[in-house]
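Could you have a look at this structure, given as C-alpha cells, before my questions?
Order of writing sets the labels: A, B and C. Residues in every chain begin at 1.
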Amino acid sequence: MITRHDLRHAGLTGLWFMFLTFPLVVIKINPIEHTVHWRWSNMVWIGVVSFLASLTIRLVQGRRRTGENEKQQSLLQTSVRQFDLLRRPAFFRAALITSSVLLISFPLFFSSYQVNILTTALMYVVLGLGLNIVVGMAGLLDLGYVAFYAVGAYTYALLHLHFNLGFWMVLPIGGLLGALFGLLLGFPVLRLRGDYLAIVTLAFGQIVRLILENWSEFSKGPSGIANIARPGLFGLTLSPEATITYLYYLMIGLVGLTVFVVNRLQNSRIGRAWQALREDEIACQAMGIDKTKIKLSAFALGATWAGMAGVFFAAKTTFVNPASFTFIESAIILCIVVLGGMGSIAGVMVGALILILLPEYLRAVADYRMLAFGAILVVMMIVRPQGLIAPKRRTYTLPSTHNPVNSSDVPASDR
Amino acid sequence: MEYFIELLFSGLTRGSIYALIALGYTMVYGIIGLINFAHGEMYMIGAFTGLIVAEILLIYQFPLPAVFVLTALAAVIWSSAYGFTVERIAYRPLRKAPRLAPLISAIGMSIFLQNYVQLVQTADFLPFPSLIPEFAFLEPYAGIIGSTDAAILVVSLIAMLLLSVMVKWTRIGKAMRATAQDQKMALLVGVNVDRIISFTFILGSGLAAIGGVLIASHVGQINVFIGFIAGIKAFTAAVLGGIGSIPGAVLGSYVLGLTESLTTGYVSSDYEDVFAFALLVLILIFRPSGLLGKASVDKV
Amino acid sequence: MFPLLTVNKLSMDFGGIRAIDKFNMRINAGEIVALIGPNGAGKTTFFNCLTGIYQPTDGELLWTLPNRSSRTLNGLKPHRITEQGLARTFQNIRLFRSMTVLENVMIGRHCRTATTILGAVLRPPSVTREEKETIEISFALLERVGLADVAHERADNLPYGAQRRLEIARALATEPLLLLLDEPAAGMNPQEGQELEALIRSINNDQIAVLLIEHDMQLVMRLADHIFVLEYGRLIAEGAPEKIRNDPAVIRAYLGEEGIHHA
C-alpha cells in the first residue's frame, strides 16, 4: 500500500533532486559566446524519475520490513534458490561444458567483428581473475592493477621494437616482469593496511603511467609505439580475418590456463593462507603463516596475469600508448571483480562478460557506460556486496577412520 | 633569490588549495574512518557550478566583487548539497559493512559524478573567467606574487581560521570531536551522530568548493577531470600530515605544495605529479601514520 | 620435567606506561599453568609479548625444545614463534569468520605443511597426499572438540562456546608444545565449562603444556599445577593452587576482602 507518508517522502526527494541538479543539468553556458541555454525539460525528468525511484525503494524496503507479502517473499526465496543451482556440481559441470562448446564454436557462426569484441571481453576475464587473487582472495584492495597490464604491454612493444622478439618469446617475459613489478609494489606496502594500501597502489599505478608518458626516450611518450607484430603461427602469414580468429583461440587458451591455475591455487594451502590473511591478519600470523611471504605471493601472482594480458593486448591492437592505462581501467577491472563476486571464479567471468559486452552491443548504453560502472559499484555494495555469484565455501568429504576419501576425488567446485 | 621567493609563494598558493580540499578528507576520515574518494568531485562540482553562475552574472554585468562572492556562495551551497546527498546514498547504508565496502562505494560515486557532469555539461576544457581584480597595492611585487595568489592565500587562511574556531569552541564543533573520538559514547551522551556526520560532509564539501572556485579562477580553465587529480593530491596531503588530524592536513598541504613548487621550479615540471605520488609512498612507508598522526595500536 | 619456557625479567612499556614489570615465569613441559589477576593486570599483554605480536621492551624469553636445545624467542616474528611450538587462542575470538569450520582448522596446518605455489598448481602426488593428510588431521581435531558435524558451517555461524572450541582446535592443528588459552571459559555455561575442562585435560595428556588465563577461579584451582598472579604488571604471588588460595596478598589484591571461596 502506498501511504500518504510515502508519497510525501517521494515528493520531497524529487524536489530535492530537482534543486540539487539544477545548475548542472538545467543550465548550459557557452563561455566563448557568452550565451546561456536553459534546459528546463531535464528538470522535469529528474523530478519524475527521482520521485518514482524513491517511491519504489520505499515500497520495497517497507515490504521487506513488514514481511506483509509473504508470497512475494517466498517467490524471492525460490529465485535465490534457483540461482544456487549454479553452484551444484552437476549443474556446474553441464554449464561449463555448454559454455566451452559455445565459446569454441563462436568464430564459426559470427563475424570477425563479434569475435574481436569477445576476445576483448575474454582479456578482461584474465585481468579480472588476476585482480581477484589480490582483492577477492587476499583482501588487498589494489587500485593500481593497470600498472602491471601496462608493464606487460610495454614489455612486448619495447622488446619487439628494439630486439625484434616475437609474441611467444615475450609472453612469459611479460608475465615474469608483471610478477617482478608486483613484488616491487608489494615490498613497500607490506606494513600498510586497508585504505592506505589502496591509495598507495593507486599512486603506484599513476607513477607508472606518468613515467610512460614523460620519459619519451624510453617509451616514446604519449604518442606511443605502433606496428607491433601480431602473434606468429609457425611463420605462416594469416589473413586479417584469420588473425582475429587465431587471436581469439589464443585468448581462449589463456583464459583456460588462468581458470585452471587460479582454481587450483584457491583450493590449496596457498589459497587458504590468502583467505586467512583477508579474514584476520593477526590470527593468520598466529597460525604460523608468514604474512610477508603470503602477501608478496598474492601481489606477484595477481600481477603475472596482468603482465600476460598486457602482452596480449599489445599484440592484439599492435599499438600501445599510456592513455590505455589510466585509473579508469583499474576501476573497470575492480568493477568486474566486485560485480561478479569477490573470490568467485565463475562470478568474475560473468562480471567481465556483462561489463565489457553490454556497452559494446547496447550502443545507446555506451555513452552511459562509465556512469553505469560508477552506479554499479555503489549499488552492489549496498544491495549485494557479495556480488552476482557469491563465492561458495568448498566442502570436503568426511574421511572415514579406516578408509579416508581421497580429497582429489571431490569435484573442485568453484567457489 | 627572487625566483626562490616566487616559487615559495606559488607553493604556498598550491598548499592553500590542497588544504581546503584536504580538510574535507581529514574531517570525514576522523569521524567515520572512510577515505571519501568522491571528495575531489565536490571540488570539481564547485568549480562547474561556479562557472555557470559566474557566466550568468557576468552576462548581466554584475560588478566583479559581487560576482565573486555570489559565485563562491553558489558553489558552496551546491557542493555541500552534493556532499550531503552522496553521504546519504552511498555511505550511510554501509556504516556497518566490512571496511572495503564503503571505499569501493566511494570510488563508484567518484566515477559516477565525473561522468554525470561530463554527460550534462561537457568533457572539454571550459574557460573560467578571472574573478579576482588586480590589486593596485600588489603592483610592485608583480614578479613575486599575483593578485589571485594573494587572494587565494587570504581567503583560504580565513576559511581555515573559521574552521578551527568552529571545531574548537562551538557546540557542533565539540560534538564533531566527540563523535570522532568515540561514536558510541557520543550517541550515549545525546549527540545526534547522523546529523554530525551529515554536517561534516556539508562542511568539507563547502571548503572544497571554495578551493574549486579559487583555483579555477587562477588557472583560467576547468574540465570534469580536475577533481580526480586534485582529490588524490589533497588526500596525499592529508595522509602526509596524519589523516584525521586537522592541523596535520594543513601542514601536509603546505609541505606538498612547497615540494611540488620547488621540484618543478628547480628539477623538471614533467614529473610534478610523480614527485607528489612518490612523496606519498615514501611517507607511508616510513611513517605510516603521517607527520602529526598518532600510531594506531591494534587491540588484540 | 624440564623447563619449556623461561621468562626472565620481562617488561613491556606503552608510551610511558609500564604494562608488565620484570615478570619472571617458568613453565615445565607438560604442565598446566594458570596466569590470573584482575582486569588490566597485563595478562593478555604478556600473551602478546610471548607470541611476537608485541616486542617486549626488556627481558628475555627462553624456549627449550625436548632435545634440550635452547633459543630465545625475542625478536621472532609471530609465525616463527608458532613454528617453534607455541600456539594461542584469543580473548576476543579471532576466527576466519567467513571460512568454514574445517577450513579454519586446515589453516592451522599451514606451518606443518610445505606445498609451494608451483606444487599447488601442478598437484604432484606428494601434494595430494599432504592435502589429504591435512583434511584427515583437521577432521580428527574437530571430532576431538565436538565440532565434526558442523565442519562445513561458516565459522561465524557457530554459537559462542563452539567458536572458542574451534579456536582451540585451530591452535592444536599447529602441533604446539605449549598452548596458550586466553580466557577459554568466558561466556560458557557450566555444562560447556565442564566439557572445556575435560578437553584441556585431554590436551594435557598428550604432553602439551597449557598456559591459561582465566577468571573462573574454580576451574583454575582444579586444573592448574602452578599459578602465577599478576597485578598492575607485577608478579605478586606464585605457587601451587593451595598456596595461592591462602596467600593474603592475592586475597587482598585480587579477590578483595571476601576471600576465595566466594569467588
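One rule holds in what follows: a contact is a pair of C-beta atoms (placed from the backbone, for glycine too) under 8 Å apart; a residue touches a chain by one contact, two chains touch by 3 or more.
Since this is a predicted model, take the numbers as computed values, not measurements.
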{"item": "Closest chain to global C-alpha mean, per-chain Cα centroids", "value": "A"}
{"item": "Chain at maximum distance from chain C, centres defined as averaged CA atoms", "value": "B"}
{"item": "Pair of chains joined by more contacts [C-beta pairs], A-C or A-B", "value": "A-B"}
{"item": "Approximate Å spacing (C-alpha centroids) for the pair chain B, chain C", "value": "49"}
{"item": "Averaged-CA centre spacing for the pair chain B and chain A, given as whole angstrom", "value": "30"}
{"item": "Geometric centre distance via CA averages, chain C-chain A, whole Å", "value": "41"}
{"item": "Sequence positions of chain C contacting 2 or more other chains", "value": "53, 90"}
{"item": "For chain A, residues contacting two or more additional chains", "value": "282"}
{"item": "Per-residue overlap in chain B, given as positions that touch at least 2 other chains", "value": "300"}
{"item": "Residues of chain C defined as touching chain A within the complex", "value": "51-53, 77-79, 82-83, 87-88, 90, 94-100, 102-103, 106-113, 115-117, 120-121, 123, 127-128, 130-132, 134-136, 139, 148, 151-152, 154, 170, 173-174"}
{"item": "Residue numbers on chain A that touch chain B, as the complex places them", "value": "16, 19-25, 27-29, 31-32, 34-36, 42, 139, 141, 143, 188-189, 191-192, 194-196, 198-200, 202-204, 206-207, 210-211, 214, 282, 327-328, 331, 334-335, 338, 367-368, 370-371, 373-378, 381-382, 385"}
{"item": "Complex contact set, residues of chain A against chain C", "value": "261, 264-265, 268-273, 275-276, 279-280, 282-291, 297, 301, 393-396, 398-399, 404, 406-408"}
{"item": "Residues of chain B that touch chain A when the two form their complex", "value": "34-35, 45, 48-49, 51-53, 55-56, 58-59, 74, 78, 81-82, 85, 89-90, 93-94, 97-105, 107-117, 119-121, 126-129, 228, 232, 235-236, 239, 270-271, 273-274, 277-278, 280-281, 284-285, 288, 298, 300"}
